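For reference, the structures are reproduced in the following blocks.
Common to both upcoming complexes is subunit A, partnered first by subunit B, then by subunit C.
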Partner chain A sequence: MNWRLSVLVVAVVALLGVAIMSTQVPPATVFKTLFEGSLGSASRISDSLKEITPLLIAGIAVFVALQAGLFNIGAEGQLILGALSGVLVAQRIPGAAGWVLGSLAGMVVGGLWALPAALIKVYRNGHEVISTIMLNNIALLLGSAMVNGPFKGKLSGAPTTDPLDKGSMIPALMIGNLRISLAIFVGLALAIGIAIWIRKSVRGFELRAVGANLRAAEFAGVEAKRVMIRAMVASGALAGLAGSFQSLGYEGRFYPDFSPGYGFDALGVALLAGTNPWGILPAAAVFGILNKGSSALTIEGVPKGITGILLGLLIIVFAAVRYRESKASGS
Partner chain B sequence: MSEFVVELRGITKRFGTFTALDDVSVKVRPQSLHAIVGENGAGKTTLMRVLQGILKPDSGTIIVEGKEVHFLHAEDAYAMGISMVSQHYSIIPSLSCIQNLMLAAEPGAVINYTQAKQRASQLAERLGVEFDWDASAEGLGPAGSQKLEILKLLWRNSRIMILDEPTAMLSPADSTALYENLKKLAAEGATILVVTHRLPEVMTYCDEVTILRGGKWVGDRTVNETDVNELAELIVGKALADLPEHHPPKAGRANLSIQNLSVKGHRGDQAVKSVSFELNVGEVVGLAGVDGNGQKELFQAIVGVTPAMGGTIKIDASEEPTVAARVRKGLRLIPEDRHEEGVIDDWPLAENMVLGFQEFAPLADGRWINAKEQRMFADRVLARFNTKFSSPDAPIRSLSGGNQQRAVAARALEFDPKVILAFQPTRGLDIAGMRDVYMAIRDACDKGASALVVSFDLDELLQFCDRVLVMNRGQIYEPAPDMARDRAELGRLMVTT
Partner chain C sequence: MAANVFVVNTLVMTVPMALAAIGGMFSERSGVMNIALEGKMLMGACTLALVGAATGNPWIALGAAMVVATIMSLIHAVLTQIYKLDHVVSGMAINALALGSAKFLSDKFLDASKQIAFLPMEVFVGLGLLIPFLTAAWLRWTRGGLRLMATGSDPEKCRQIGLEPVKVRYESLIVTGVLCGIAGSAIVTNAGQFGEYVTAGKGFMALAALILGGWRPLPTLLACLGFGVTQALQLQLQGSHLMGASLPSEAWNATPYLVTLLALIVLGAKNRAPAGLGKP
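What follows is the complex of A and B.
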């Protein structure tokens, strides 16, 4: 291992140590709580899976855009509107068709929400980071307005839709207290499918070419504009799916604060995975487990932020390792 | 004090299992122009990077002005008065000339521009050039950038200057001016190391020459006591095979037919002005001209990445709307700027060889990539010009510039090309590589393709092409048949009218 990397790891561990010490809870307790709070029982594992599902699917969404050279910061907004539209459709269609069409509606709305950013990027050279951040704000307020206004439920005073019928929700496999939603299986299938597609298909090759060197891709006959628009819309659709799965598979209704920032954490998931599609699942698992564990920490009097620090440090270390690797293989 | 200003003794440098430099020694006399020549991958640039402190040798010693030195960083070498102008200029277009000159060597935290410009003008005078110091560096052509880069070395009080392929981007006249300036600097006390492929330059301007081959020292010669043939033999290790023969231009079917083509330049001007020409089957046509006369825009329009303002481009008698369709018709490109337009630096070599052919059977069947076919294809392309590489999975940027160029040139000859557009195809290549590339282009043309070759080296075009056109201010001129190979006439068309 390179000495700079060793120094970094030591520094990271020290920083984390200082952060934990400052809470005056023994580090062993912190890690034990984190572990038990996320994986300690069947119901806690079920809750962790609930966190992992949107992170996995939105992580794939961000990954796809990133491979085409686009930073989809808008995953959060696409996810929120996907969740809302999923519930609205599923409320109106009884039975399994409810969640199937609801999920599709989430994808359509998520994709459409990403489209303006794609068009602005491709035809007006406006940076997608700026436009997606702004679309996030609009989405958040729009979602909130909808459940305060036209779609406010009749059963509660709070800004939320009425709960869905159990029958219109995504089914789950129950093993004792362990609840595994079909949503996570779909997420897994998507992760595998995307990993194969991006490495083995001609379109995947072209998408990666556009992301790695736009100009060279154009010279190689790739229609870069079309590829970028498609990638951004696909990314939005996936983020929308992550949102609709969350409301249809877990929450059973839509309220504006259902997402603690899955769309933003998805950026971290994609960054941790880097260019390796097989890295998305483990990255999503780490994020999901730590997110779930952090709620248990709060009870111990340790601020939630500690897991944020841990995740941030993890991304830095991975970025450094990757940089070293790429330097070692170049001249 | 020794009679040498720089001595490299027994330098060895390995990258993994690859030995880039094997026990190389070079001695440089003060105030000399010392050339380092060798094939691509011979270790020239690596050696210069060792001298410059960018790479640490695994063994060997560096002696500067009689003292053994150990460079940890480029700054250490720079403090000893050693610095380098690399093949790719590091001029920042959005800064002014004076800001570029001072970059990373500013006189203090607060800059007195009046004083700085005074000193800059004095330095420029020493070199016999003039600059508008407040103008942005954007407008500097290759020659201007080169001059500014050399002034940067003077600004840093460099006494030992290293120039890597300094004339690669220069016109013949600018090259001559460059060497005259270098001579002047040497006379005033500088020592200059030039890494180059161009033996005529070595013979005309340099004092001493060191020859490297395959990472090993092959010999030192005093220029007065050697000739081009001996140097060429030392470089390649064997006598050169015959050059390809010229074919008389033959009338026939045109593979590429351009009619009244106009293309907008990036400054909004008209870079290509209603040009018409044809490439007949079997022809290798040279396009001579000074850099910046529309060659780039012409190529981009033919490829299809820049839209034409007017006119038609027919490949094999049909107009194709997209780049992909033109590639399918048989259009191939050896691009001007490899890193920007030709390859994806971070990608594995194998995937870079497929780039442009990603949809072609058998590399893909329908929507899916056939990894085995891709690999076999890449192996075949890389074998064509003996590209030296560690593994087809290594990123292409891990190859030396010349080997990258070999790979890109070899790629352009695949899948039955009809029209080969080559922009400085031999840029950065040594003699053997240059011959290989032209032989291969000729070979493809014998099998029914046509080639259009842009080069700023008129001699190269006259040597290898059947017919030479001249591009000047957006227009294309063809010399009268009796003057077709007349160097003076072509030169006149390049710079007058």
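What follows is the complex of A and C.
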């Protein structure tokens, strides 16, 4: 570790230290509360899993795009519309077919919502970050307009859809009070599948080649434009799936602010994982546990914002370390 | 009367966006892609509320807001220039950090029973309309302005003629911070209170305006005015029936983003963006 990184780490730790000191809650209590609040009991673990699931799947989504050199800042918007379309489909189809088709609908809508960003990037040379930021805001407003307007539920005055039948929700395994949704298993399978695919398949290699060096990949005969469009749409579809799983597996309905920013945190998850697909799961777990644990911290008198600060700092430190590593290895 | 209210609303909506967008222009013209305008504005807004409530002096509060937003912006500069973080990554991190800090600080230290001392909104409107013109003149007619444009266009050539792009970027990001601080202050002054939702995506709208305006100050101001008009129209027409149907407020709010997206499709962005955006 060189001195610049050391300075950064010291500064980060000092900042966190000052923040915690200012609350006058002993640091040991902070960490204890954080862990007990997220992992202390079966129901808390269940709640943490609810947070980890979308972070894991959306994290994979952002990771896939990032491997092709694309920033999918739009995961949040894709996730929101995926959740909405998942619920709308599942409301109309009874039984298990409801959530299966609902999840598929979420994937389709998420993928379609990412498509404009991909096309603008490839054919109009517009930065995908800008277009996805615009698409995010439109998606957020669209979601809110839909549940304030045509799809507003009849049972509640609030802007939300009516709750789904239990039967058309994603089933969950119950062990005592511990609820493990099928959604998290699918997420795990996806993480493993993507990890193998991206390292072992030709398509996965093409994806990484485009991300590593666009020009070189094109010279080598990779159809870079097609790879980029595919990567972005796949990323959108995964983010859409994350959203529909959240509404079909956990929430049981759609309301506009169900996501505390899963799509944005997913970017953090992917950045923490870096180039290693096996890093997505632990990164999602860290983010999910912090999300859940922060509610308990509020009760102790530590404002919720502390986890936002922590996550922002984590991203900074990891990105800085990554840069050193990539420079050291000469790429 | 209604027309009067409409003009006032338009100006009040336009001004924070214009200030942040011009701030963004400084940053992006120097080569630092800036998606962190929202976070910097939020920190400015939070500081104004905290200091305004604690000291009761609106000028000290404004000064503090500018300083804190500038610190955020300098962190951004250090991360991109020294630690060579990707501009998108560092921007996201700054936004997360700002949102977390604003929540933390306002939860912990904002005394809701105390009045926040505000400057009259006219001060911000004046600044917001004046600064784009000053910036345009500065860019066009001064050595510093030309240096800024040169740095954004081709940092490598600048190095060859003895200009230090990194130094220009630090200076530019200080300006970005100051302007975002004023922008955030304007938002809180207009809202009359602080909450972490107060900036409500205005930083991203400012970014959109910057792109629509082709990274030039006066067209950017014009784009902000356009966005301001749609927002004022929304306030004016809320619930009323237009051509037989009532438009949901979301449709008005989405207009700036839709227009920007269309502009990206129709005009393309790269040919107008500073060529050195994101380069070392």
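Heads up, the rule we're going with is that the second predicted complex is superposed on the first by the 323 of 331 C-alpha atoms of A that agree within 3 Å, B and C clash if a C-alpha of one lies under 4 Å from a C-alpha of the other, contacts with A are read in each partner's own complex, and residues count from 1 in each chain.
Throughout what follows, contacts are C-beta pairs under 8 Å (C-beta built on N, C-alpha and C of every residue); 3 or more make two chains touch, one makes a residue touch a chain.
Note that the coordinates shown come from a computational prediction; the quantities given were computed from them, not determined experimentally.
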item	value
Three-chain arrangement built on subunit A, subunit B and subunit C clash or fit	clash
Partner chain in contact with A:L39 - subunit B first, subunit C second, else both or neither	neither
Subunit B versus subunit C as contact partner of A:L142, first or second or both or neither	second
Touched partner set for A:A209, first subunit B, second subunit C, both or neither	first
Touching partner for A:T23 - first (subunit B), second (subunit C), both, neither	second
Contacts of A:A220 with subunit B and subunit C, given as first, second, both or neither	first
Between subunit B and subunit C, more extensive residue contact with subunit A	C
A:G305 touches, of subunit B and subunit C: first, second, both or neither?	second
Residue ranges of subunit C in contact with subunit A within the complex	33, 35, 79, 82-86, 88-90, 92-105, 107-108, 196, 201, 204, 207-208, 211, 248, 250-251, 253-254, 257-258, 260-261, 264-265, 268-271, 273
Residue ranges of subunit B touching subunit A (in the complex, touch as defined)	15, 303, 305, 322-327, 333, 335, 340-347, 351, 354-356, 358-359, 364, 367-369, 371, 394-395, 397-400
Of subunit A, residues touching subunit C in the complex	4, 8, 19, 22-23, 71, 73, 116, 120, 124-127, 129-131, 133-135, 137-138, 141-142, 144-145, 148-149, 264, 267-268, 271, 303-313, 315-316, 319-320, 323
Touch list for subunit A against partner subunit B, complex	199-203, 205-206, 209, 212-213, 215-223, 326, 329-331
